[in-house]
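Single-structure report; data block below.
First chain written, first letter: the chains are A, B, C, D and E, and each begins at residue 1.
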Amino acid sequence: MSGEQFLSTSERTFVVNALREGIRVDGRGAYEFRGLSIELGGGGFGSAEVLLGKTRVLANVSAEVVRPTANSAEGFVLFNTSFSPMASPAFEAGRLTEEEVLVSRMLEKAVRRSRAIDTEGLCIVAGEKVWSIRVDIHVLDHEGNILDCACIAAISALLHFRRPDVTVEGDQVTIHPMDERNPIPLSIHHIPICISFGFFDKGERVVVDPTHLEEQVQDGDFIVVVNTHRELCTMSKAGGAGLDVARIVQCTEVAAAKAAEVTELIRGALTKSNEIKK
Amino acid sequence: MDTEMGEAEHAMLHFVTPGETVTADTVFMRGHGTYNDGEELVATVAGVVERINKLISVKPLRARFSGEIGDVVVGRISEVTQKRWRVNMGARQDAALLLAAVNLPGGELRRRSESDELQMRQLLSEGDMISAEIQGFFQDGSASLHTRSLKYGKLRSGSLVTVPSSLVKRSKAHFLHYTLSPGLHVDVILGMNGFVWVSKGSKDANKKGDVPNSTQEDADALYANVNEPITNEERMAIARVSNCILAIAKESELITEAFILLVHEASLRIDCKDIVANSKQIIDAAKMSY
Amino acid sequence: MVLQRSDGRTDNLQLRPPTTTLSPLSRADGSARFAYGKSAVLAAVYGPKEVRLRDELLDSAKIEVLFRPLVGLSGTTERLYEKTIREILESVILKHLHPRTSVQTFEGADDDSSSLILSCAINATILALMDAGVGLKSMVASVTCIIDDSNQLVLDPSAEEIKGAKSVHVFTFDNVSKDVTSCVSTGVYTYEQYKSVFEVSQSACASVQAVYRQTMENKVGGVETVDEE
Amino acid sequence: MKSDVVSPEGFRCDGRRPNELRRFNCDMGTASGGYAGSGADGAAYVEQGNTRCLVLVFGPKEPSMRSAVLHDRATLSVEFNIASFSSGERKTKLRKDKRLLEMASIIKSTFESVILMSSFPRSEITIQIQILQFDGGSLHTAVNATTLALMNAGIPMEDYVVACSAGFGNGHPILDVNYTEEGMDVPVISLGITPRSGKVILLNLESRLHLDEFEKVVTLARDGCTQMHEILDTAVRSSAEALAR
Amino acid sequence: MFRLDPDTFKRIHPIEFHRRFLANGIRPDGRESLLSWRTPVVHTGSITTCNGSAMVRVGATAVLCGIKAEIAVPSAAEPTRGFVVSNVDLPALCSSNFRPGAPGEFTQSISDTVQSVVESAVDMDGLCIEPDRAVWVLYADIVFLNYEGAAMDAALLALMAALRNTRLPSKTVYSPTDGTVRASSDLSVPITLKHLPVASTFGVVEAGGGRMLMADPTEDEDAIVGSRVSVVVDALSGDLMGTFGGHIPLELLEQSVVLATQRAKEVGQIVGASK
């Protein structure tokens, strides 16, 4: 049968025992991310391919003019995740897995519910025409921690995205092609960064950015979405090993520090891609 | 805790809820409904602590039927597979009734052949009701049944009533026979799983139960699908007994041979269809006459 | 008059050198990215591997193709792409060598959703199959041509050029039998135009096949090639 | 002008103090009411303020789908529904609403780590949750109701899961946030703990909360959970007494 | 000697059954050459609840197309362009090879090719009522009642015949105040068709050591058909309007285009005779 393979007991204990000695199977420290590479604009504005270790996620942002819901002056931000069977034999085409639901909901909460994007700024004519921003997320390679990788890809793509300029004269709405007028970036209030923790040994050991192997062994996860203003945007833990409140508070602090590091990397990638454009 | 617990202490119920420490004494053994957290024995269900010697268990007030070897159960065939029937008896898994564990028509001491496997559906098919006894358990915890006695087998001429299994206590008599008035008989099979079969009674109570030297005709008749002729009077009697059992269950009283009869008497002044709605009144009246 | 195409090419029959990346993915048995200009496709191959019971074929491998667009959900166009690619693969993979197994290929468009993407997808898939070491009868390669509004034949058009085209042709050729492995043409065109399209496509495909070869040789890498002797 | 979440006198819009829970009411075994016929093995109905929730538990029973069978433990399936009439505006339910799927998945993984799943190999436990009236805090109400329903069904669990929410509005941490307050942009943490170990097993935050306030809010939610445990335990015992008599 | 009756033989050895026909250059359904066609029969206007309809039979294949006109808002990018939305359905009742439920790959790809052809055949700007506000959208549902091959050919034929049969209200008034369109109750104005595309499907078969074309293969004949090519030709101008095909030698592809052009003229006359 296709699908995910089970792990043997000895593999599990190997991972856990190594952690007890303070060593991760890939040699990282507990609070260390895998190598992060952010490639922006491979396919024009608003595309970001992010490689977190070997986990690879492609995010693409597109925009179209649509009619808003009844008399609203807000635009739309839509997320679409696709867990391609390309990424792992465990993903089956056309079936919405629980994992996919959780990842797409987390992204929506991290970016949309935390109001990272100014949706009012997407309005062209109130009640008539607004921009609908669509973020398509493609998981291409699954080596663990899809969520963090997808979140970085989504937010990087949104930061990189430019929409065509629009002028409104009376009833007349003109959308200017990109070569005619400089396109406009989205107005983004803050940069939410998602940090996933994996717990082992009944919650005694914790790591960030778990690999696929670690994800299969872990006793539960804890996801923190935080920005550089030290604002918690979303948190999620469901089941798994129980944690003390003190441990949770400690994790949020670690997450805030990690988020600052990741934000720096995203900004670096943005600057670099802007320089190439010039 | 004293191992010699007095009668009075027994009567006092020790009620615990999940996560509550039952005892911190390490001499006790862990039974159903508990787990060990370090030295402590902790409850996993909301229920009453039971102790048999050093074995401590917590019995939940309500739970799915889990059964023990020797229990009489009533169940419904849910699937016919090779060499076995699967029987839904309201437990956490369907039970299995092996072809080898039933009496076959044509004499008991016959070899089971492949043609018997092909004809299983002619004996018992999906939806048929049976009474049976739990013979044992498989590795995964599902029960194995047998019907190798003429008192077990296919059920006919009556209807099914289901009640919480906790209301049926293990006793000597699960095949009950009531003579409600001269010539009016009703049989009740009280399955330990809470499935109760109420049917037209046999005229002679002695005929039920284990009949020695069973004849071949009896064995053939075992799997017939035809109801006996039933009079309207008998139908009403079956309905009344069924409703009485439901009324007892509604009031969470134990369902026993004697109590069914008492409730039946108490119900006589009430229209059959109103029995369940007036359960409290009837049960109270029945208890009075206890 | 010097012709200037929107991306700077000076000849209508000029093929942009395709960019290829071999095995970018870690989980798949084989993977490749193939791009004409900004139109790129990533393909992954799993197999031959255990097949689902209901898909089992007694005498050959089951071939499954899944195409996902960059933006939005897949619809009827993606089904047509899947069918086209699957039919190509069924004629090209030595599927009778692997009965009762399945070969799955997944294509994801990386950019752009014009017809050009079908050519990229076919080429990326063939490269990914080679990367996965799946036995093939021959190498097939695909190119796209258009007849533009001034009835000029344009090879390997950009997305803008396709928008204004009178007709669009996607041709796939086999390098052994020189047969057409697949053709998908839309729009309105004459028989003469059609004939010129497949002549141009055939020779262009040969140069794509040369790119395949180069890509695979690079994979072998380090090992010095035989041209020393 | 936005009104304050907590007034200068220290009251909230529904008259509660910041650290006060809403009125709690529950009934165990609603659906089966002690007599047979309804098929559910356990049931609980819970009211927390105006949020009302009904939970039915089925099983452990023969799995409805062959593919769902696990050879070493039970499978747990959770269905989470919000009635279309439950809030002010009628909403037609989307069949595959991701929010509902997410809720179901959160509750599933929470209880999977508490129920002794390995005691029931090859069988299935189904939890059906219906929010009948919605006034904020549907997640924690659903978790509390599910705990009661599972106990009512006699399914063994290591411990209670008790849940409570806490938010932060104009400088005050507030307990058990209602719908009006949720609408006032109050960030809300839903917290679930297992009271025996005191550890957090469920945590959910959906709107922005500054890290400096986090500890205060989470501590309040934890206290709320402890209160909730006493309330639930009392409820379980009194309903058991009623049954034992 | 043991003999099989023809039906049993076909069932047990489908490939050998058809190969023997092939060797003699005749077809199981009575056609006398590999390159002969089943003549289509076209009836139009049989469904009165539609703006246009057509029923087409090709041998045992029967397909029905109904067209309903509705008013919609044009896309912001092309404010004067109307829509034709075609959908091909091969339900389970038309052949045992199709399963109930969501349309499969074959059905969807036929749908897509038919749609791409019809887009260039209909004058979309002729469907405009009021620029940027209201246009006609023609919903064309193509349903197979029985299937014996020639899916693409029959579906496109039914669609084009139904489009020729389609009539729209003669007067339409757009009211800018409330954004509604009032239309007269008569249905008298035909829609403008720029082309009359006719699809011809060929199978590629191996016979006598070489490969050759087999025109209009039936579903049964799929057993020996290696790959297929459909050529769409405009019956009015003789221009090509699409080719969709699999593995085929170059010379056979050229031959198929020539044959399809001839056939398009014949079929065009049949469609032209319908109203």
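Heads up, the rule we're going with is that a residue touches a chain if its C-beta (ideal position, glycine included) is under 8 Å from a C-beta of that chain, and two chains touch if they have at least 3 such contacts.
Here the structure is a predicted model, which means the values were calculated and not measured.
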Groups of chains joined by contact, in the absence of subunit D: A, C, E | B
{"item": "Higher-contact pair (C-beta pairs counted), A-C versus A-D", "value": "A-D"}
{"item": "Farthest-lying chain, centroid of Cα atoms versus that of subunit A", "value": "B"}
{"item": "Per Cα centroids, the chain farthest from subunit D", "value": "E"}
{"item": "Centre-most chain [mean C-alpha coordinates]", "value": "A"}
{"item": "Chain centre separation (subunit C, subunit D; CA means) in Å", "value": "53"}
{"item": "Approximate Å spacing (C-alpha centroids) for the pair subunit A, subunit E", "value": "45"}
{"item": "Approximate Å spacing (C-alpha centroids) for the pair subunit A, subunit B", "value": "56"}
{"item": "Distance from the mean Cα position of subunit D to that of subunit A, given in whole angstrom", "value": "28"}
{"item": "Shared-contact residues (touching 2 or more other chains) in subunit B", "value": "none"}
{"item": "Touch list for subunit A against partner subunit C, complex", "value": "1-2, 42-44, 47, 54, 56, 58, 60, 62, 80, 82, 84-89, 93, 134, 136, 138, 140-143"}
{"item": "Complex interface listing, subunit D residues touching subunit A", "value": "96, 98-99, 101-102, 105-114, 187, 189, 193-194, 197-212, 214-215, 218-219, 222"}
{"item": "Interface residues, subunit B side, partner subunit D - complex", "value": "13, 15, 17-20, 33, 35, 37, 42, 44-48, 60-64, 78, 88, 91-94, 140-142, 161-164, 194, 246, 249-252, 276"}
{"item": "Touching residues on subunit A, where the partner in the complex is subunit D", "value": "96, 98, 101-102, 104-105, 108-109, 113-115, 203, 220, 222, 226, 229-245, 248-249, 252-253, 256"}
{"item": "Residue numbers on subunit C that touch subunit A, as the complex places them", "value": "24-28, 31, 38, 40, 42, 44, 46, 49-50, 52, 66, 68, 70-73, 102, 104, 106, 108, 110-112"}
